[in-house]
Amino acid sequence: MTISRDSIVDWIKAFAVAIEANKDYLTDLDSAIGDADHGANMHRGMQAAVGKLPTVADKDIGTILKTIGMTLVATVGGASGPLYGTLFMQLGTSTAGKMELSLADWTAALEAALGGVVARGKAAVGEKTMVDALTPALDALKSAAGSDIAAALKASAAAAAAGRDSTIPLVARKGRASYVGERSAGHQDPGATSSHLLLQTAADHLK
Amino acid sequence: MTISRDSIVDWIKAFAVAIEANKDYLTDLDSAIGDADHGANMHRGMQAAVGKLPTVADKDIGTILKTIGMTLVATVGGASGPLYGTLFMQLGTSTAGKMELSLADWTAALEAALGGVVARGKAAVGEKTMVDALTPALDALKSAAGSDIAAALKASAAAAAAGRDSTIPLVARKGRASYVGERSAGHQDPGATSSHLLLQTAADHLK
Amino acid sequence: MKKLINKAEDVVPEALAGMAAAHADMIKVFTNPNYIVRADGPIQGKVGVISGGGSGHEPMHGGFVGMGMLDAACPGAVFTSPTPDQMLEATKAVNGGAGVLHIVKNYTGDVMNFEMAADLAKAEGIEVAAVVTNDDVAVKDSLYTAGRRGVGVTVLAEKMTGAAAEQRRSLKDVAAVCQKVNDLGRTMGMALTSCTVPHAGKPTFDLPEDEMEIGIGIHGEPGRKRMKLASAHEIVEMMAAAVVEDLPYKSGDEVLAFVNGMGGTPLIELYLIYNELEAYLKGKGIKITRRLIGSYITSLEMAGCSLTLVKLDDELTKLWDAPVKTPALRWGA
Amino acid sequence: MKKLINKAEDVVPEALAGMAAAHADMIKVFTNPNYIVRADGPIQGKVGVISGGGSGHEPMHGGFVGMGMLDAACPGAVFTSPTPDQMLEATKAVNGGAGVLHIVKNYTGDVMNFEMAADLAKAEGIEVAAVVTNDDVAVKDSLYTAGRRGVGVTVLAEKMTGAAAEQRRSLKDVAAVCQKVNDLGRTMGMALTSCTVPHAGKPTFDLPEDEMEIGIGIHGEPGRKRMKLASAHEIVEMMAAAVVEDLPYKSGDEVLAFVNGMGGTPLIELYLIYNELEAYLKGKGIKITRRLIGSYITSLEMAGCSLTLVKLDDELTKLWDAPVKTPALRWGA
């Protein structure tokens, strides 16, 4: 069992659809502790990314994912632009030349992606950022090593959901939400929420 | 029976109190068809006028009324400043040197005052201004010539009230309310309203 | 009422004190009666140019006092014409022997108060001329009204008139420039929200969340009509058409375009409006050769804008380009 | 949402088109990616000074492009940091061989995007330095936050840094001036009302009619605390105390005071606030020797203000006084 290139393309599209469906929700979350643009930012970026897909859909997975990353860097802006851009560029670097991915490939790619996000944003778990969704998702993937891909992806999405929820009580220490200090507690982090969507659509579409 | 100097002073004070009590009401009327300042304008002016009273209360009626007029010109501003200023200055000119007024003196003084207002503002009856309250008040005074002063003043106040009410259906043709054209119909004119207060307090206090 | 103020009655004196403290290099502020003069005036042999009106329209007029524009401004209470004593003192203060021009916006109160002041000044031997601005096309100009309101053109007229005075032209010539700007200028305004007069404490009018007022006055006076909120494109089309057709401005005309914010409108929206206006005028063959974009004649915190055009010729263009150094308008100095 | 716009997604490009049309004598606007450069640049031998950030803060930064201030500005989406490709193109466009300085407001997004752009520019052989402004005393500066936000000081730093670059100082010196202004500057802001991000379509936060938010950010980010609406006197006392005590500014200090409107605040209120600020500082023995009053770093239509102080010495005073000719700030030219 492997993850096909076409399902990677499907996943990108599905993520764009999920972002569109959750645009106002993400923006509402960002209104509470940020500046009310996370939904619009991600939507603008993913629309551009989907627009770029036809030019690379027949290339290898690494090229596709790198292109998505570069597109996001050039269109999203804000904090999420460099972070999601780096995430996809690292996914792409890790999968360069591949036409399909094993579970181990995918796990390694996500590890590289998370590494890139942390290198760029310097956030640790517990600081109320997308890292709080991505880290448990990666851990779940690692724990599922050797098992069925669908099950592993599902476990990783579930872990991302739990990670997302874990941000609610946290006091933000990174990004714009850190400016409100204690008042950020009680609100769900928008970036962790979009990151869960990323991994949920991955579980739903990668095969 | 005559009107005493002291009752003239009382009247000025009572008019100031009536303006204060109706400040928000006058401003509300001015909000609908003007610029929401008639109450504040008249209040500012009458406070200053009352403040000036002690310096002239022992002078003749003409001096008192002229001083009030000049004070209003220098403190009210807007359309009502020159108009009420002129009104009082003309009352003063007409009563120069007098220590008491007969009904005929008062009627002549109001005639001069209205003449001054019309000369300055060029409004005719029916154009939705203070002239609509002052004109019938003067007419009522004239009709009451020879009768009891109290009754004449009462009739003149009642006529001013009717004149004030007559402005409601009118379309404004003078002053700021004329800018709204047809939309001014249905609203009571603020200046006619304050002019009624002027004549009502006269009826209540002149003796 | 949400305002950065102390007591309603202290708004004007305290803001004037702030202006005085901030701009001592350009202006001097007198109180009781209130007026603002150029720090370097009176200038012998130069016509003095004065304006004034209610407060709440800042920077107009006080922010326009200085080299190349006004010699004095008389601020009244909020939205209330100043009084003759202010204008008289200002007239005397700026009199350099060449006469004084009063630029008066066409409101009954302003006109009457300036008239009384001019009579008093003339009685003291000062030559006074007056020009009444009345550029607001939203108001029907007929025998049955107080005529059109003076709005946006006033700002532009003050600039060009001030430049003419700076050239030591005669009172008659300076007044003629002012009259010419007024005659070649037209304005239309609109509001998205009401303003709140400090003394009144509540909005002058209510405007539902999906409506706007077209043809609003600068004191929150009701306008031509209330309509459903429209796009910037439609709003500009509607307002610019009313302005263009009124003079009318014709294909081949060169104009000064003034996109003005009413006080609560952010600059990003004014630039967007300017973009629409230029496109609209281009379609009519009218060329914008000079422009002013910003909040210069305001209505407290009202959100909205006004569009003003002035047809330019060589003389007016040069007067517009001439140096000006005031708190609110400055170039070439 | 009441705005003078067409579609939410067209606000930034249409406003940029308006700026381009309005100020062709001073600036050139490029699109895809979006950036604004001086019409007369690049200038050989002069350090290029660049800034950028989300839109919605107009006139910052685009309105500050021109002689004596910025060589380029990169406008992002509303309240969203621009992207590295914009900054890279702008950096290349203004490079006159003496290096390029990036002035970056301290927001995670801005810092990361500018870092990426600097890496790309360096890879193309352009010398790049960056100064991050972080003057907002409302935010706790600790290891556990993203640090203080860059706010009002940015405007003043851009002016003085631009003046230093105009003198042909080296990249190191120009960056040092910028750093110095930032180090000597502190700001605090407050809001009376929320702003509405066009894409969001509704206010970022709700503020009851009798409350205000102290320590607000320029993106409508929540501030230090929410309080009952207070008088201008109390508001200034509270904000100025936080600013003064932070550096701290001391008796005998000379300062540049910047009273900034958030976009929906009328000028009359800003002058009233300035009056309070000057009185407060006088009480502390701090002397305002230069000042800026107006809406220069805004948050769309938010009502509110911010107070910025920069401690001045001879060098900074001269840099402040140096001629500047941009759409939004202009003197001596």
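Should a chain be cited, it is by its letter among A, B, C and D, assigned in written order, with residues numbered from 1 in that chain.
The criterion applied here is as follows: contacts are C-beta pairs under 8 Å (C-beta built on N, C-alpha and C of every residue); 3 or more make two chains touch, one makes a residue touch a chain.
For clarity, every value in this text was computed on a predicted model and none was experimentally measured.
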Whole-Å gap between the CA centroids of chain B and chain C: 32
Centroid spacing, where centroids are CA-atom means, of chain A and chain B in whole angstrom: 75
Geometric centre distance via CA averages, chain C-chain A, whole Å: 54
Overall pattern in which the protein chains touch one another (line/ring/star/complete/other): line
Chain-chain contacts as defined at top: A-D, B-C, C-D
Chain D residues within the chain C interface of the complex: 2-7, 11-12, 14-19, 21-22, 55-56, 58-59, 63, 192-193, 209, 212, 229, 231-233, 235, 263-276, 278, 288, 291, 293, 295, 298, 300-301, 303-305, 330-333
Residue ranges of chain D in contact with chain A within the complex: 33, 54, 76-85, 107-109, 112-113, 115-116, 138-140, 144-146, 149, 197, 199-200, 204-205, 217, 219-223
Of all residues in chain B, those that touch chain C in their complex: 24, 27, 31, 33-37, 39-41, 44, 73-83, 120-121, 173-176, 178-181, 183
